[in-house]
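Below, chain A partners chain B and then partners chain C, in two separate complexes.
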Partner chain A sequence: MKSERIPSGCAISGLMSEEGRRIDGSVIIRSIACMHDRSNGLGGGFAAYGIYPKRKEQYAFHMMFDNVEAKVATEEFFKDVFNVDKDEPIPTHRENGVSNPPLLWRYFLEVPENKLEFITERDYVMKIVMKINSEVEGAFVASSGKNMGAFKGVGYPEDIGRFYKLEDYNAYIWTAHGRFPTNTPGWWGGAHPFTLLDWSVVHNGEISSYGINKRYLEMFGYRLELRTDTEVIAYLFDLMVRRHKFPIDKAILALASPFWKDIDRMETERKRIATAIRQVYGSTLLNGPFSIILGHNNGMIGLNDRIKLRPMTVARNDDMLYMASEESAIRAIAPDLEEVWSPRAGTAVIGTIKAEVE
Partner chain B sequence: MESQLPAEFNVNVNHEKCRKCRRCVINCSFSAIEFKDKVTPNSRLCVACHRCATFCPENAIVITENPLDYKDGYNWTPEIRKNILKQAESGGIILTGMGNPKPYPIYWDHMLIDACQVTNPSIDPLREPMELRTYLGSKPDSLKFDADADLTTELAPQVKLDIPVVFAAMSYGAISLNAHKALAMAAKRLGTLMNTGEGGMHEDIAPYADRIIVQVASGRFGVTSKYLNNSAIVEIKIGQGAKPGIGGHLPGEKVGEEISKTRMIPVGTDALSPAPHHDIYSIEDLSQLIYAIKEATDYRKPVSVKIAAVHNVAAIASGIVRAGADIVMIDGFRGGTGAAPMIIRDHVGIPIELALAAVDERLRQEGIRNRASILVGGSIRQSADVAKAIALGADACVIGTAALIAIGCRVCQKCYTGNCAWGIATQKPELVRRLNPEVAADRLCNLVSAWGHEIQEVLGSLGINAIESLRGSRERLRGVGLNQEALDILGIKHAGIGQ
Partner chain C sequence: MKIDAKDMHYRQLNRIIRDAVASGEKEFELDNVQGQRYIGDGLNESIKITINGTPGNDLGAFMNGPRIIVNANGQDGIANTMNAGEIIIHGSAGDIIGYGMRGGRVYIKGDAGYRVGIHMKEYKKQVPVIVAGGTAGDFFGEYMAGGIMILLGMNGKDQIVGDYVGTGMHGGVIYIRGKIDPYHLGKEVNCLELNEEDMKLIGSYLKEFCEYFGFDLNEVMSRSFTKLVPLSHRPYGNMYVY
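Moving on, here comes the complex of A and B:
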């Protein structure tokens, strides 16, 4: 039966073990597959944290190449800017309905010390990511963090997951996305998650403030050329948390800031902070309908827009934290839950890894 | 010698309707209506201020353009011919008032705003919060927190606007005290600001000082330590859109007792504002004045610098920001004035739309956009212009002419005569009395609140609920009927192009 397509927006799901226990990728695939009807087969993807423990000090670049020329050009470029410790094809399973994948390759990279005289290591890596994405024709950095990786492409998320053999990876955080693209064409690089360094974002919704978020980020050297509004979320977290050193809860006060009417009623010190953040970081406010799950090496954050125009359910059980567009996607993998709730609009759920993970 | 200039308007009185109450005669401040057994217009003196027609209880007066035809001439328009006649008779510079009326392109009218459909829902401003609050002042590059997550950054002074529409600088002198009072009262009630212009602050509006921008212009009229400190913002006026590079001149006959006290000049003397500030001949001099004012106000007031939009406005604005200004106010070539040489008003400067776009983009390229707020004016006519200006990158807009129209101005462009029949641009007590400050303040509040509601509707249709998500978001604008160069300068795409 041909199903009727209703543009209900995307599906997102995330799970995390606060103890840093590793879970294989088949679990997250089951969760996102439960929301099959929220996608339309034009994009699916996953982010996984803790998957390369033996190489956790190296930047793991997941690359997508349109052709061999792009791969050669990128490798020439890598030789100049990194020490390439290892490179290999990303293992894939070729017979499951995923068509026309690009050339998928991963690189484990170290930054030569002599490159860091005038710049921090992560700023250096960020610049290289921006440069490849905007200047190397046919090459795209799917992810660039340490001990993590993004696996994404055009197809239903469960097919993409099996294509990448995610059951062979063990991660303490998994996020997933099923896409129903309306604004941007379905291309492999355009699937979620969007990443920068160890930040990854899966996003359901649309950032109506994209225009100013983008122009603001450009002032700080970010280049936004991926034809999607989601990348601004990853870059804004990078700017605020990594570069401006905001505590995560303070960054949330900017990205999904409380309304002035609520700020005006806060107690003095909290009001002073919230007011200053809106005054200075007004251009970072993410406006429009969204629910997002942001992954990073130390945790996972769920966030809704200020008036909750997209769904998000959160649940806990033992050391596990779950977030998903629909409760069913959580129940599918964890039928028994201690706690299930829908976070309030603009209120972040911040999950933090408690244990020191390898 | 009798003037050869034909009358601009005809005053037509319907004597069948007229019951000779003579209200028109009393109301006409340009002596264009006399009573000789019956109401007898002297059309040659009529300026089309509509005062008589508005107050005629019988609706017996109709003012029409004088239908005097001229021999066709695309080059030698009637207006040009009349100006030549005027100068042949007077030998003087042609004076005029209000903003540039010439049919230059109005870029606001070639920009269209986006709206949401399906994929991102629009928001109903009647049901959901829709925030217009704006803070003017310099913002740091970033905020810093200490180990306990306490905020350690001290912000430069910020001035809150409940709505991003501010009343433009109009001096006491150019306009009446009652007009000033109305603007001050309305600014207070609306949670916005009025601007003294360069004529000092009359003691009657001093109680509204926390809602008043005080100007320091080249004449330095009324500038005292108290004046600077009794304010919301201090503004250094370098230029004005209607007369870039030109000073000001308030004729001595307008300088009565009250203006004399307020401006601190003798009664009956001309108040001359020199073209340049005599202590500012370069950017470093401007910086000195900015910091002199900051010292004088103990760094508690944002300092704004107002310039006219001229060709090199982006570089000039960048210099001003680097010189320490907290706010840059840009006045476009259509900005109003109480008096200016027509040649300057009509032929000097550039449109505010292009100036704003160029300045915002330049400051972003230099990474200093956050260091100063941008205020723009120069013919902001309606809330749509405000929304478009904010989308191009302005923090807020200033309105002068629109505010005056709200309180009676008919844009007859005769402000410089001092005969304003509506009690606005005049110092004659019998005319000033016509403007009731309370009523005028109500009308100003109505206008600006109405615009506020309209801007909220626009935000809602854009699917955003805070004005800062529109500010600088040029992605939400599209051009119609503009060439590529204009689109590039405005930083917008042509209509029909998606993302």
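Moving on, here comes the complex of A and C:
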């Protein structure tokens, strides 16, 4: 074990084309690599949206298996619960700084109609993700959305990106993370992004309200098995936006709610909404320092904690929206920018895909 | 000396600068800077460093003499514990600018981020100064123990400074151009009008600021300023005594 202290923090970066233009993965690798010294080689990962257009109606499961037994057990389980249209190894490039990867396999899945008598399709898929992560020994779901995927592991992010050959994928949203684990182990399933269905979260910071958030989420059938705080953020968005149908900006009023002193000064209608949300959804409040980038099929959202204890710079150019821990990581891939700013604490930057994307 | 910093790690870049300074080099121009940290850190000599590109975090930390000119935006932690010298940023700057700063000057043309000048301090003639032309975020001058900060809000944004201004402040002085709603102030500061001496003091820094960035001094001085000073030199003296 190294005894020297390496002062650092995690790195996050994200880019999105509002027009739905596809961009290859070498671009986001260049951005996150610029912040190499914010990570320590114990985790790196990417989320990509729009990468499986030919199979966009199917759930793309990116799986991590510790051993062949876990793969066999998962595949037996898949046969019972899904129609497996295709499965294949996730292509990797083995000749670089990445060691001891698990078995990495992806599955394109459809839900048999007879399973949906009493449950919505996405609730059904969510339950299966929870079941695999908590009950199938040695198997973890890296991602489970449609037309998207997470690519993550133990290593520096630029090495992980090359390991997964991200230059071969084209996406209209990319997010990336370089990890500097502080409280929880560096392991393949614990690298960011954390995902559920098409939600993905990359996060710099720590969620000190984890215990409260976890207990609350468990009441709604989420099982938190990945030994890290970031997991709660992905599930909270799934609960609030997908299941409870909050618009994103209202969900933010719960997760990074305004302080009571500021609510007191709001005009009546806004005050009523903010008060009601804090009262009903108090247990979803995220406390502690964070900057996060949330991805989903229709957009990308950047958010800081309420007193801005972690950095975030946002920029625009043409149809592109960029977010990163440092401005230099944006300039590395887009030297000329029309607009660069640091969002205020607790104020989300909400990017939305304007075009119909395939 | 011209250095092309493209794809160079910060250790290599700073090593080149250090070695050149040791052999008497006085002027540096760094091109294609892209997030390299710690530029100018701990240097004692009166040298000049011009930076083209975005410098990384902790620019000019522990710096004791050099003059740094940034022709872009800066990032976080600029002038951390800086002791002497000058940093001129022709753009905006990130969070925790001038943390624990104890001397020298930082001039920012645009906005500054959160926690600017927290725990700045002064001793006799060692008086640090930060001037920003735009707006600043929360915790401006938090736990400030000395020095001078001037915030101008020249970019027309409606809220010139965030909340908790001067919370825990116990030394130094803050000047903010325009009026400020007491709601945004920490409990430990007192709001005053400027006297002639104050005007003379900020006038000298603002003249320099306007020369660097091409602002019109008359326009800058055309609005009244608010002066913030600590109510006490020991605001938390009774905090843990019972």
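What to note about this one:
FYI, the second predicted complex is superposed on the first by the 352 of 358 C-alpha atoms of A that agree within 3 Å, B and C clash if a C-alpha of one lies under 4 Å from a C-alpha of the other, contacts with A are read in each partner's own complex, and residues count from 1 in each chain.
What we mean here is this: a contact is a pair of C-beta atoms (placed from the backbone, for glycine too) under 8 Å apart; a residue touches a chain by one contact, two chains touch by 3 or more.
What you see is a predicted model, and the numbers here were worked out from it, not measured in a lab.
By the touch criterion defined above, A:272 reaches chain B but does not reach chain C.
In the superposition on chain A, contact of A:101 is made with neither chain B nor chain C. By the touch criterion defined above, A:138 lies against neither chain B nor chain C after alignment on the C-alpha atoms of chain A.
Residue contacts after overlaying the shared chain place A:246 against chain B, while chain C stays out of touching range.
Applying the stated contact rule after C-alpha superposition, one finds that A:311 touches chain C and leaves chain B untouched.
Within the superposed three-chain arrangement, the count of touched residues of chain A is higher for B, of the candidates chain B and chain C.
By the touch criterion defined above, A:328 reaches chain C but does not reach chain B.
In the superposition on chain A, contact of A:343 is made with neither chain B nor chain C. Contacts of chain A with chain B, set against its contacts with chain C after fitting on chain A, overlap at residues 307.
Across the interface of their complex, chain A is touched by residues 10, 34-35, 37, 53-57, 73, 75-76, 92, 94-95, 111, 113-114, 137-139, 162, 183 of chain C.
Within the complex formed with chain B, the chain A residues making contact are 7, 9, 182-184, 205-206, 208-212, 214-216, 218-220, 227, 243-247, 249-250, 257, 259-261, 269, 272-273, 276-283, 285, 287-289, 306-307, 309. Residues of chain A that touch chain C in their complex: 34-35, 37, 265, 307-308, 311, 313, 326-329, 331-332, 340, 342, 344-345.
Residues 116, 118-121, 123, 128-129, 131, 133, 135, 137, 139-140, 142-145, 149-151, 153, 155, 158, 364, 367, 369-370, 462-466, 468-476, 498-499 of chain B touch chain A in their complex.
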